[in-house]
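One structure is given below, encoded as structure tokens.
Chain nomenclature is as follows: A, B and C, assigned in order of appearance, with residue numbering initiated at 1 for each chain independently.
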């Protein structure tokens, strides 16, 4: 009796061990990771850059011996920034290719749309392209976001400027989507707390280029501090329009537009604008070093397409790989999720230390306020 | 008062860009009866060619302008000869769908050949500021208004005085009768496509000068379309004028009502026009009711 | 002895299909489709669901464009209206999913009146123009009516439970989509053999003759437009359910174009064509994936990220080639093949 009990226990243990071995996406030599990004259409700008970061982090991990002696391999799907295709790409990766974990689930709207499905499958997921709040609030067990919310970004930028330039008149112009909404929410909080005086507050239609009427309105209202809540082209158009009108408010921009390309496009008018971000700026040693390594891995041509999203991807994927490594030879999805949750002060070299906690699915990266310098086409940290 | 003048001036400037695109629409429609839904994409392609040339030879901006012009002409010819002419005699639905497919191809090809980043077009001109009274304008804004006026004047002279212009009017009035009179409809179509892609290419280059070159530039076509409906699909001059009206209405709507209304102001005009005057302000009264 | 195919009664002329073989095939494929959701792997199942939903929408557009010959460039607007009608009634107000589906059909129908009444009075391309404008205007309303639609945030839509049956799992949801698609297909086929359907076709083929026969062009065009909007609204609600999330970003403008492409590739004017075209266009990326797979990994790495853009180009090229060389679409090819099979070696 006793012997048979022990035998049963042994069998159960063996079974448990064998199921652990048979965890989806892990073979004797390989571990499969998956990623869905927009590689087509205008949003390819961030999708391709993000993908470079993921590939770099994986290549470096493989050079360092992989995870538990297995090499990592990345499978990608293109969604063209269309939610239905994001979902389809994810289904293919998870249920057809049987990947072990996801390094990205595309941008803001598409990621939010894919969330219910990803959550149901319970696959370890990094969602760090566009850190919008619905991705981690309420927290989902397996979905982690390395980054900081747009709300917090605008909030801190506004608080900084309010402290530096007290008693000014404020204006804000945002895009009419979830991204614009997030900026607006953070701004509203700062306005309430600092009793700021807002004289101009409007939204523009996605894809708009001509901001003459809006900027005239802002000038007429006497805006002195202006939050230009566009992506790239929109932010550029707003600043150049202000320059044309001879109106010189203090301008602050969120990170999607914080690129060298933006400064180049704005020209001299970009000098002195404020920005907020959580990754290292392009003139930093960390960025340059990453650029050199990326050239080696993805080639000279592809490396030209990198930008701040490459850094976000690199950090996010490093965090995932590190959690997988800590599982050692007991690598399972459950273990990876548990280890991700225990991530504490993890240094990636491209942003502040990354930490998660139980019930805390955003790393809430520390932000810094930057100021543009047109002469060198760069952003300098001011706080 | 100054506020109103500023709104009007910038409205006219942006409207001039729409007006050029709208003239492109109207030219192909008048001569060939096809609404070319790839008009904005053609403008984008020409702007990208100009940008590439300007990047390769920053010292001679005229080369970029000449290159863009050549690209627009060649492109108009190629599209007419190899894509549109084989569709002659097919139902209107098919020809319109072909232009839509062309638009899809051009959008992707732009991303394939260039990249998704916005770029600034540097021609050495257009960025300067001019102050008239108290109203500041960029030279490119003045330039695009002048370009629209020149384009309208030359189109008028073309239809009025040139042989091929008169032939085009004849083809527009009755294609079969025109052919019986010895007019080559094919040649007229080719000229119309070249003129249309040149004019919308100009719009693309000015747009690039005023804002930037990016893969979303094709949306200038969506903006120009209401203008041509307002002016009349078959009225080239009317379409140019329609652009100015749309630009001004958009700016006044955003300047005095809610800024987000701007996006739909032009579209609401379309619906209103169709209700009241379906043939547009200057179009021929030949649209039939059912 | 019957030596040919004679139709002796009206019933024989308008019967859905007089061939037993065709019915047998239809029944067999329906049977296969009922079993398929439980046999396919998850990815192929998601393709099947997309085909079923897209097919429903394509049938909706087919009533307007294929049967009646009117072009709409903004049918995605009706998908948006339908999806939001469902989401608002079920998620926001907690009404039954059946009410949600009813509203998903009725709201777009009502909207279609607003768009159709001014534009269908006119001949020509005017419907294409107003629908183009309409697709943008409806997005504007969704964003502005924040209190109702949650604006840019979008709305979550849980899978429905209808009459005690929970359609929460993918195979079950696929069966729901199959049911809707089959009902739509039969409805469309039946409309086509009714007086109304014949009127639609008369308008498409020759509107002057149609009017001479006493068909009110305006009324019938409006009817076609409303029917089309109703079907597309239902498809929109299903699409929202498939994503479990509704936002205007889920319905890009390209969907309108895609739907037209489906009809053209399938064979304009043919109901079977709409079905085949749907499968063809939805599976086109898969085909190109296979084609790229044949090139080998080495070349794929060279093409790198540009390869995806090539696929989109392929899509445009397919439309142009079909319009240019095979305006009857895949259905035309299929009929030729069938005739060749039956009559070979004779030509006819």
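Keep in mind that, in the parts below, a contact is a pair of C-beta atoms (placed from the backbone, for glycine too) under 8 Å apart; a residue touches a chain by one contact, two chains touch by 3 or more.
These numbers were taken from a predicted model, which means no experiment stands behind them.
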Contacts common to chain A and chain C (chain labels): B
Label of the chain whose CA centroid is most distant from the centroid of chain B: A
Euclidean distance of C-alpha centroids - chain A vs chain C, Å: 36
Between chain A and chain B, centroid-to-centroid distance (C-alpha), Å: 38
Length of the line joining the C-alpha centres of chain B and chain C, rounded to whole Å: 33
Sequence positions of chain A contacting 2 or more other chains: 40, 44, 48, 176, 205
Chain C: positions in contact with at least two other chains: 140, 143, 254, 309, 312
Per-residue multi-chain contacts in chain B, two or more chains: 107-108, 111, 260, 263
For the chain C and chain A complex, residues of the former touching the latter: 41-44, 46-47, 50, 140, 143, 151-154, 156, 239, 242-245, 247, 249-250, 252, 254, 304-305, 308-309, 311-312
Residues of chain C defined as touching chain B within the complex: 65, 69, 71, 73, 118-126, 128-130, 132-133, 136-137, 140, 143-144, 207, 211, 217-218, 221, 254, 257, 260-261, 264, 268, 306, 309-310, 312-313, 315-317, 319-320, 323-324, 327
Chain A-facing residues of chain B, complex: 3, 6-7, 10-11, 13-14, 107-108, 111, 115-120, 127, 129, 136-138, 207, 211-212, 214-216, 219, 250-252, 254-255, 258-260, 262-263
In the complex, chain A residues that touch chain C: 39-40, 44, 48, 51, 78, 80, 82-84, 87-88, 91-92, 94-96, 109-110, 112-113, 115-117, 134, 176-178, 180-181, 205, 302
Touch list for chain A against partner chain B, complex: 40-45, 48, 173, 176, 202-205, 207-210, 212-214, 216-217, 220, 232-233, 236-237, 244-246, 261, 264-265, 267, 305
